[in-house]
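To keep things simple, chains are lettered A, B and C as they appear, and every chain counts its residues starting from 1.
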Amino acid sequence: MARAVSIRRKSITTAAAWALGLMMFFPILWIAILSLKTEGDAIRAPIEVLSSVWTFESFGAVQERSDYLKHFTNSVVISFGSTFLGLLIAVPAAWAMAFVPGKRTKDVLMWMLSTKMLPPVGVLVPIYLIFRDAELLDTRIGLVFVLMMINLPIIIWMLYTYFREIPGEILEAARMDGASLREEVFFVLMPMAIPGMASTVLLNVILAWNEAFWTLNLTAADAAPLTAFIASYSSPEGLFYAKLSAASIMAIAPILIMGWFSQKQLVRGLTFGAVK
Amino acid sequence: MATQHSRAAARLMISPAVLLLLCWMLIPLGLTIYFSFLRFNLIMPSGNEMVIGVFGHGLRVPGPEDFSGWENFYWFVTDPSFQAAIINTLVLVGGVLFITVIGGTLFALLLDQPMWGQGIVRILVIAPFFVMPTVSGLVWKNMFMNPVNGIFAHLAIGLGLEPFDFFSQAPLASIIWIVSWQWLPFATLILLTALQSLDQEQLEAAEMDGANWINRFFFVMLPHLARAITVVILIQTIFLLSIFAEILVTTNGGPGTATTNLTYLIYVSSLLQFDVGMGSAGGVIAIILANIVAIFLMRMIGKNLDA
Amino acid sequence: MGRIVLEKVSKSFGETEVIPALDLTIDDGEFCVFVGPSGCGKSTLLRLIAGLEDVTNGKILIDGEDATSVPPAKRGLAMVFQSYALYPHMSVRKNIAFPLRMAKFDQAEQDKRVAQAAEVLNLTDYLDRRPGQLSGGQRQRVAIGRAIVREPAAFLFDEPLSNLDAALRVGMRLEISELHKRLTTTMVYVTHDQVEAMTMADKIVVLRAGNIEQVGSPLELYRTPRNLFVAGFIGSPKMNLINGSIAAKHNAATIGIRPEHISVSSDAGDWPGKVGVSEHLGSDTFFHVTCEGITDPITVRVGGEVDLHYGDTVFLTPASDHLHKFDDKGLRVE
């Protein structure tokens, strides 16, 4: 049972925790501030930055300079596309493993996870060459496929752990009630697994959105998502603090919001259930 | 609970996933191993071209005439930049692990205490994890560590000190710092989750047995966290071995090879110097290294699956 | 119609045989109860009939037709699960209508049948709630409702009352018996509770380790248990089983006598003994009497209130026409 904690102690921990939280968050807060400044003000000393005028001009400039919207669209298409395509393949597989487990189910599952452990750089060259010769370099469809493949083990794993929590008797009841396999999955399993599937989608969209190895190596201009778009600011001519800040904020804001909703699932998805 | 009908259906439903992952694993892996034994340079083709049918287009690669034995491995391993890359990789992984595990444990202990606004603090602490690697690399490099306009430089000048040029004087440490900022939230979140699953009665029992706060931490909490800490270490290692974007947007592996890790070195040899044979040899080495970690991780996950 | 015949049906999981080949006929309209201790294979047998498990060998006939490899959805049976297995995301109405929807009944027919079932089961006021908002007994009724709307050839019940508290269980027991009388549809009911078996069944199948120990009406099993296992399993409190020299006197390895077939006297009788713990139920009193030469205390039923106390000396006399005799293999001898 909870015991009363002295107000003094609670005040101290509160102050320490808030200081810590703000410290960790400060870089994000700071670029949010810089994004609302003019280019000239953004490089001043911090105190002067805060007292200078506020403006939204950088946001417009980012769009004009490098067509932010195109890259944003690429990011959306690639992250959601790869996730939904993955879901399409993962739902049946997770159903099979969760509800019709066999002797080798565990091995199959472990093997699927092990493909996630393969370092991307180990297969960079072949994938690059296959993409070059299949004319998939710098295309959205190519990236959708690659990101689906690298996240497929996580999607299957997460769905499997969620499906396993659904009692098998309910699916048997559906079978007894005359439901076909398709009806069983669509009318009973999927509606019951909606929270789990939503979390799976959320986490995998985040992972795909932030993926920065394949997106940097397999795209140039046309299909570049936000990760690659931001990387273009690393060249010296791109050293515009306010614009870089505005671009960064626009790139991370959507995912930051999604991420905050997925805290709990994050642990489950990224540790493959090893920590609950 | 299975009948022949459902088992047949299960096999059918699992096969797309299995086939895709099998192809995804075997084809590139096989090609990487094949390339690693070839003299294969993208801008100096040997003319012994061979076409492997993939996607109906055909993949153009050198034929077995260009077999070079262990040459690629020999040159890759004896290259001084390989040694530098191995050391950098180890320092980078080790440094980030050290910071995130110690820091994460302390953060988790703090966040587990009763306080006002716990939810908001949690959100603030985990936010960096959702920032894409290219953004965090560039933001730290320019807005914070830049020796002229960065906040740290402004602070140093304000205090009457000489501004520190992070990326030329301590490049690897700077990258460790940036990566740690990204991964601290992950360690904190997982350790906090583990800490919250600790049975309060265990702590109360220890308290009744006369254990003080330090004893309770070392004899009750830490053993409970041991498993979560191991998971954090293993999973982070898998990801940290592949750090790429942060290096690409900040130092490009430099100055010299000061921040070149194995991943970046392979990227340089294969896509910048077009020496696919050499890059593939490096790839094979990277796969072996990652597998050593993966075996331990898989064992832990496997044990959990039985429970 | 709902006549279920099992011919030489057996079931193995890998190497382990859970049900050795058995034959069984469940007649149309019969209330048949599978009873036995946990792990005796009674649920597996039910799942074989349902089609949720494949039989390893043998045939299952439903109304004369071979249903051995027919999938569960096509067998025309309805099942009530131990956990009720209600669909948590659907309202009570949708739950009950689900089998009708799967069978592509039109909306009007669905509504009519759901309304009827709800009426019978007192669920009319709860049709728009979710299963999570119902009590255990109500959930149970929804599960039954879902089973009856489709008018199946037979109902299968898998320990349906085990999740209810004692008071509700008695009520639901009556409701299910009542339902059977009204619908006259075949019911196959699995339970580990012999009281449920005795009170509800037309035919009881006693199972142990996958083997059928005895099949018969409740009273047949009660009066003439075929072996020691059935003798000990059916009846509450249990039959007293006595072996040794006293049994030998009756030319048997073991004799059995039910608590209600023993008379008690304070001055004369076959078995002298001392009164131990007594349980007063009001209408009856059970005494546990330690007798000379008998290892376990003998349970005796005495009607009403009797003035006997802990430590009193009594004499017990078994009614000889109710004495059950078993040989050294545990089989009944007449």
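Assume a residue touches a chain if its C-beta (ideal position, glycine included) is under 8 Å from a C-beta of that chain, and two chains touch if they have at least 3 such contacts.
Because the structure is a prediction, the values reported are computed rather than measured.
**Q** Can you check which chain pair, B-C or A-C, has more C-beta pairs in contact?
**A** Looking at B-C and A-C side by side, A-C shows more C-beta contacts.
**Q** Looking at mean CA positions, which chain is nearest the middle of everything shown?
**A** That would be A.
**Q** Based on the averaged CA atom positions, which chain is farthest from subunit A?
**A** C
**Q** Roughly how far is subunit A from subunit B, centre to centre by C-alpha average, rounded to an integer in Å?
**A** 16
**Q** List the centre-to-centre spacing of subunit B and subunit C in whole Å, with centres computed as mean CA coordinates.
**A** 60
**Q** So, what's the distance in Å between the C-alpha centres of subunit C and subunit A?
**A** 54
**Q** Which residues of subunit C are in contact with two or more other chains?
**A** Those would be 52, 71-72.
**Q** Using the touch rule from the top of the page, what residues of subunit B touch 2 or more other chains?
**A** Within subunit B, residues 1-2 contact more than one other chain.
**Q** Which subunit A residues touch at least two other chains?
**A** 172
**Q** Could you please specify the touching residues of subunit A with respect to subunit C in the complex?
**A** Within the complex, subunit A touches subunit C at residues 167, 169-170, 172-180, 183, 187-188, 191-192, 194.
**Q** Report the residues of subunit B in contact with subunit C in the complex, numbered from low to high.
**A** 1-5
**Q** Show me the residue ranges of subunit C that touch subunit A in the complex, using the header's touch definition.
**A** It comes out as residues 50, 52, 71-74, 77-79, 81-83, 85-89, 98-99, 102-103, 146, 150, 156.
**Q** Which of the residues in subunit C end up touching subunit B in this complex?
**A** Those in contact with subunit B are residues 51-54, 69, 71-72.
**Q** Please output the residues of subunit B touching subunit A within their complex, sorted ascending.
**A** That would be residues 1-2, 6-7, 9-11, 13-14, 16-18, 20-21, 24-25, 27-29, 31-32, 35, 54-55, 57-61, 107, 110-111, 113-118, 120-144, 149, 151, 154-155, 157-158, 181, 184-186, 189-190, 193-194, 197, 227-228, 231, 235, 238, 241-242, 244-245, 248-250, 262-263, 266-267, 270-271, 276, 279-280, 282-284, 286-287, 289-291, 293-294, 297-298, 300-302, 304-306 of subunit B.
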